[in-house]
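A short write-up of the structure that comes next.
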Amino acid sequence: MNPVNYLYLAALLFTIGAVGVLVRRNAIVLFMCVELMLNACNLALVTFSRLHGNLDGQIIAFFTMVVAAAEVVVGLAIIVSVFRTRHSASVDDTNLMKL
Amino acid sequence: MDNLIPVLVAVPLLGAALLLCGGRRLDRVGHLLGTFLAFASFGVGLALFFSMLGRSVDQRPIHDHLFTWIPVNGFQAEVGFQLDQLSMTFVLLITGVGSLIHLYSIGYMAHDEKRRRFFGYLNLFLAAMLLLVLADNYLLLYVGWEGVGLASYLLIGFWQHKPSAATAAKKAFLVNRVGDVGLSIAVMLMFTTFGTFAFTPVFADASKATQATQATLTGIGLMLLLAACGKSAQVPLQSWLGDAMEGPTPVSALIHAATMVTAGVYLITRSSAIFNQAPTAQLATVVVGAVTLLFGAIVGCAKDDIKKALAGSTMSQIGYMVLAAGLGPIGYVFAIMHLVTHGFFKAGLFLGAGSVMHGMNDEVDMRKYGGLAKYMKWTTVTFGLGYLAIIGVPPFSGFYTKDKIIEAAFGHGGTEGWILGTCAVIGAAVTAFYMTRVMLMTFFGEKRWADDADGHQPHPHESPKIMVIPMVLLAVGSVAGGFLFNWNDSFVRWLSPVTGVAEGNPPLNPTVIQILTGVVLVLGVAVAWMMYGRRPVPATPPLGSLLTRAARRDLLQDDFNHVVLVSGGSHLTRFLVYLEGKGLDGLVNGIAALVGGTSGRVRKIQNGYVRSYALSMFGGALVLAVTTLLMRAVA
Amino acid sequence: MSFPLLTVTAALPAVGAILTAALPAATDTRSRDRNKVVPLAFSLATLVLACVATARFTPGGPRFQLTEYHSWISQFGIGYSLGVDGIAVVLVLLTAVLVPFVMLASWHDADPVVDDRGTFERNRRTQGFFALILAVEAMVVISFEATDVFLFYVFFEAMLIPMYFLIGGFGDRTKGEDAKQRSYAAVKFLLYNLLGGLVMLAAVIGLYTRAHTFDLVSITTALQNGSLHFPPVVENALFLGFMFAFAVKAPLWPLHTWLPNAMGEATAGVAVLITAVVDKVGTYAMLRFCLNLFPEASKTFAPAILVLSVISILYGALLAVGQKDIKRLVAYASISHFGFIILGIFALTSQGQSGAALYMVNHGVSTAAWLLVAGFLMSRRGSRLIADYGGVQKVAPVLAGTFLVGGLAILSLPGLGPFVSEFLVLVGTFERYPALGIVATAGIVLAALYVLVLYQRTMTGPVKAGNEGVKDLKARELVVVAPLIAMLLVLGIYPKPIADIVNPSVNQTLSQVGRTDPAPHVVNAIGGGQ
Amino acid sequence: MTSTGEAVQFWVLAVIAVGGALGMVLCRKAVHSALCLAATMIALAICYMAQGAVFLGIVQIVVYTGAIMMLFLFVVMLVGVSSADSVKEVLKGQRVAAVVGGIGFGVLLCAGIANANLHAFTGVGAANEAAGGNVQGLASLIFTRYVWAFEVTGALLITAAVGAMVLTHREATEVRQSQRELAEQRVRLGTQVTPLPAPGVYARHNAVDAPGLLPDGTPAEISVNPTLRQRGQMRQLGSDLLRRMGELEQSTAGWLGRKAPKPRSGSELAHVEQRGTEQRGTGQRESEQREVESK
């Protein structure tokens, strides 16, 4: 087997994550989909690291994780505060962003 | 002595400035100041005249360069004066008659609250007219030309509270502007052809005309003729003169009879070097002159308004002058000579008419006069002398000058000569008719005035001395002028160095022409006496023949103007206003509405749903990726 | 380093604008007058500086004088470079002369409302008005002085901001539908000029990609010695880009429709500012940038532009005749006059261009005189409709007289300034394009028509109801009008000093374009040329 | 080529990962989604390790699955475990467009990968060996070449922490009352002067949800947390329980030296039973109503 398969897997996961972002309405699930996309990217990075034989790809994946952690923290905080005011976690309920 | 020329212009200009800007504190002395300055100007003119007489013929013209006006590379407009015999003649006429009319106006305008301003305008007119005749180049002449137009505008519209006066003033200015366009184009043509528009070099170049410049000279000549038509009320730009009678009568006498309206004749005579080289332009000139002299005469026959009848007469007499000027060297001198004598007798006639109106509560309808000779002796006598002069009874001045023009017209030679001569003779007959008519309707016959609307009966009375004296002096001029000028051919010798002179070769003996003219004159007077002297004049005008009715309406000239120019123009303007609003602005607003509508529709894509935005982002990323890959594949 | 005269001339009104805006809000009429005297003093000081600059300018000396240079954005060759030629210095002077008059004439135009109980509405509107006028002056002056294309562009566009507020914020109609009209006019003004400016921006960038500098002097020098050459297509495109912006600003038919709205809705003083000062930047820029940067394209497009100018002349005049609103009438008259200016510029003869340069000055002064007097009249009666007036001459003779003199200047009566310039333009055009010259001459008849018709309808005849109480000019108004009329007379009788300043610059421009005046035909004939 | 073992492992993990991902997208309940995602992440962690990224694999499990997913779960709990997306899609065409776009995107990515020249690979082993291990290798990179990014990441984390606190912080809308004020208020109102009774008396299961008994043996509802009461999760004391308590009292009376209370009559017990049923009914109704509203 060729490690390229990992890339296909990453592509597939990324796509599933992207579609999930588009079709799900629950903000938390939406976030999970974003996390899935990040993970797919990480997988690709790790695979690239292996293909190229150096560790920089892993480093980037590591940073991605850190950033993802930070993002989740802030994102979830936002969800919580939105939920508090609107009693709903659906992104469709926050549609004031129009004229 | 030479440096007195600017003073000639400056004196009345100063008067105008003082009187117009001086405010109310000059109200009480304004008229005296204005009159004094006019006489001062006349004095300066006389001094210059005697100084000129003292010089030999080729030393007579003098130049005085003041300053450079507009210098732009090849275009050098100067402010400079040229005083030669022709200018001198005009200077004396303008300041002389002008001073007399200033004097007359003291009496005539005594009760007008705006008298100070009236004298300011009169002084302004004098300054502009003097500038016109003294300029040594066409552009400066143009300044004077428009200046007299302005003065004329202000004076016609002097009684602005009357809408008719305001309209007449505007009409006069506009029609003159059309003529001014001609003068502008003529100056431009001169500049592009000769590189200059000063008299001396232009005339020098013009007389060396080659075949190539002949056409240009014809163009210049025609444009100058257009200008002359505007200012001198010649067909087809004559329509303003009748309406201009809305102005106070002294104005009609000075500007619209004696001086300003003759500026066209001055222009043609001054430009003799150009006209001499442009036979087509000359032909056009004589045609204009001949048509106008008949036109004016016919109009004069039909008018019941004394001033308008005289205005028609003025038009007709200037027609004679233009005709003479168009004849070339055989006519220039006589055109100017007739101009000067006409200045005397026509001014006298107008002042007389003013005097009659003064005594008749400003009534102008001759059908409401009659038998005034009893009440106004001085006026009747002076008016009568002017009458005799204008119809050309020997030995009054009109006889000498008009006769010369008729001779010159015949002397033009060929068929043209016959046609022109015949026109001139017919004109003389009609002149005799309408002037006799005026005379009879005004001063003789039964009295026809009746109660006014407010029950006041006019009390005809003689005018005060200050008005009578100018009338007497002008009458003297109209009696003796012709004789003096012709004595020993003094006028011809005086003016010929400037205009040149040539002998015509009339197909008839001059004596025969004189006799012929005399016969038609008697005929004209007789017919008039039959119609207006023997039987009472109806107080309401009879319907009259078709021609009479047309002539009362200025031979339908105004109707033509109204239909073609006024209503055509207003339709055009309205159409353009519409086009501006619906077309140009509509286009712009339409684009704006289109953008607005489109964005209103596109706006709906902004539904506020995050997922929808995410989808478009996703799609956009997709499109970008595909495009990039495709570009790569293509490359 | 010498004293930066040009910078100071432009900066002084700018400082004045800031200072005026920063003054404490007026609490009573007295402090309100103080808030007006300060900007007036600044504009007068600017006038003094402009006079000094004119005096220090040596006609016939180097092309650009009193130059200043500082590097600004050196990566793109953008410099803060100022310098004036004869035409610029005259226009700077014109601007500096007109602004104090505009201020004096608009003295009460932006006064805060005093209500029935006599309480003084306390706000900064009044001083804002005067600060905006000063800001406009500063930007116009620096536009005239800039010899860097980019620098010019920046201020050419920035001018729109204060103008927008002046038009939109201070019209004489404040209620309901009328106020909507005013904001329509302001937006229209802004959009038209922004559109022009955007097209020009593209051309400015295009110019840079070819010339690699924005410096006018270096580009013209390079063009002349052949080290820089535009391919014809590029040059034509760039020329059109510049010309479009200037034709909107000037304005040239058919890009003119913003002007009647803007002038109609603005106060008379602001309308004067628009037509006599701001629009001059457009015509001036044609002369300085279009002709100098793109000589070949200028020659290519000259006939087309001349035809448009002639259309402007006649169209503007005809529409002026058909107007019911005094200010709109003046606006259309201005369009007609701008037609003459552009005609003179693109006739590419020294008479035409000198005439155009003088025309800019004369048009500024004459329109100011005419329109400000009309403004005084309108402020007395509160109406802009011609039909509301009649017989004013009877009750206010001085007002009517000055109005007539202003109108006579507009119709180019000889002896007043505009005649000189109009005749030069016509002669200059006639030299090269006789037919266009003749058609344009018809404009002088139409000018007489709209001026005299307006005068007749408003001033003559019996006193119309409602006009009995019209007061004659006050001292402040006379102070505005009398000097303007005096200037018109001086410009008409002795324009030589200004012509002498302008002529060398015109000749330099023409030599850059590579055109000489046609020689008189007679000389040609003698030389065997024809 | 990799070993057959890895291939087998890959295919197993790939199926788990994709299954988990699909499950996450398709599950209606957020909590199920979270569990599916956790499975995917663990599978990925093993993939990392299999590819020589041991450190990342561990971090993946510890940080992602351990910390981040737990955070998710906490929030899911906070927001409501039972809340589920409705099946109906409100945006027209959104689902179809998303799926079509997703498929297109996937095809595009796969095509890109297929076109890339990735047939030879180096393997990360040598790199790991050079530094003496994966962790050492990463560490030496992080603290040398990527030290700046690392520091910035630290700042980012702090900012995120502060940000989360700020976002979830609720501004007090009124002045917090002191204990004294509360006590005074309590006395002033006079409804419940004494402290609330403690719950969980005679508790057998979950103490907080069983109300304490009043001296008369009736349950004191105010002793239960109001939240539980509102959710209808208060344990009802049935007659059976009471009876057994009575027995207990009886039996201990002698031992404690107390007088045994009188056994409760049947009618008394029935009364208690009835009240309990009523209360449970209301509590359940309320909670159902809230759920409907939240949908």
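Going by the order they are written in, the chains are A, B, C and D; count residues from 1 in each one.
The rule is short, and it goes like this: a contact is a pair of C-beta atoms (placed from the backbone, for glycine too) under 8 Å apart; a residue touches a chain by one contact, two chains touch by 3 or more.
All of these numbers come straight from a predicted model, not from anything done at the bench.
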Closest chain to the centre of mass proxy, which here is the mean CA position: C
Pair of chains joined by more contacts [C-beta pairs], A-D or B-D: A-D
For subunit B paired with subunit D, centre-to-centre distance based on mean C-alpha positions, whole Å: 107
Length of the line joining the C-alpha centres of subunit A and subunit D, rounded to whole Å: 20
Subunit B and subunit C, separation of their C-alpha mean positions in angstrom: 36
CA centroid of subunit A to CA centroid of subunit B, Å: 94
Residues of subunit B touching at least two other chains: 607, 609, 611, 615, 618
Multi-partner residues of subunit D (each touching 2 or more other chains): 91, 94, 97-98, 101, 105
Contacts with two or more other chains, residues of subunit C listed in rising order: none
Chains touching one another, given as label pairs in label order: A-B, A-D, B-C, B-D
Subunit A contact footprint on subunit D (complex, rising order): 1-2, 4, 6-7, 10, 14, 17-18, 21-22, 24-25, 30, 33-34, 37, 40-41, 44, 47-48, 51-53, 55-56, 59-60, 63-64, 67-68, 71-72, 75-76, 78-79, 83, 85, 89-91, 94-95, 97-99, 101-103, 105-106, 109-110, 113, 118-119, 121-124, 126-128, 131, 134, 137-138, 141-142, 146, 149-150, 153, 156-157, 159-161, 163-165, 167-168, 170, 294
Residue ranges of subunit D in contact with subunit B within the complex: 91, 94, 97-98, 101, 104-105, 108, 112
Touch list for subunit B against partner subunit C, complex: 20, 67-75, 139, 142-143, 145-147, 150, 153, 157, 160-163, 165-167, 170, 173-174, 177-178, 180-181, 184-185, 187-189, 191-196, 205, 210, 212-213, 216, 569-570, 572-574, 576-577, 580, 584-585, 588
Touching residues (chain side subunit A, partner subunit D) in the complex: 1-9, 11-20, 22-26, 28-29, 31-33, 35-36, 39, 42-43, 46-47, 49-56, 58-59, 61-63, 65-74, 76-81, 83-84, 87-90, 92
Touch list for subunit C against partner subunit B, complex: 188, 254, 257, 315, 318-319, 321-323, 350-351, 354-355, 391, 393-394, 401, 408, 413-415, 419-420, 423-424, 426-427, 430-431, 434, 437-438, 441-442, 444-445, 448-449, 452-453, 455-456, 459-463, 493-496, 499-500, 503, 506-507, 517-523, 525, 530
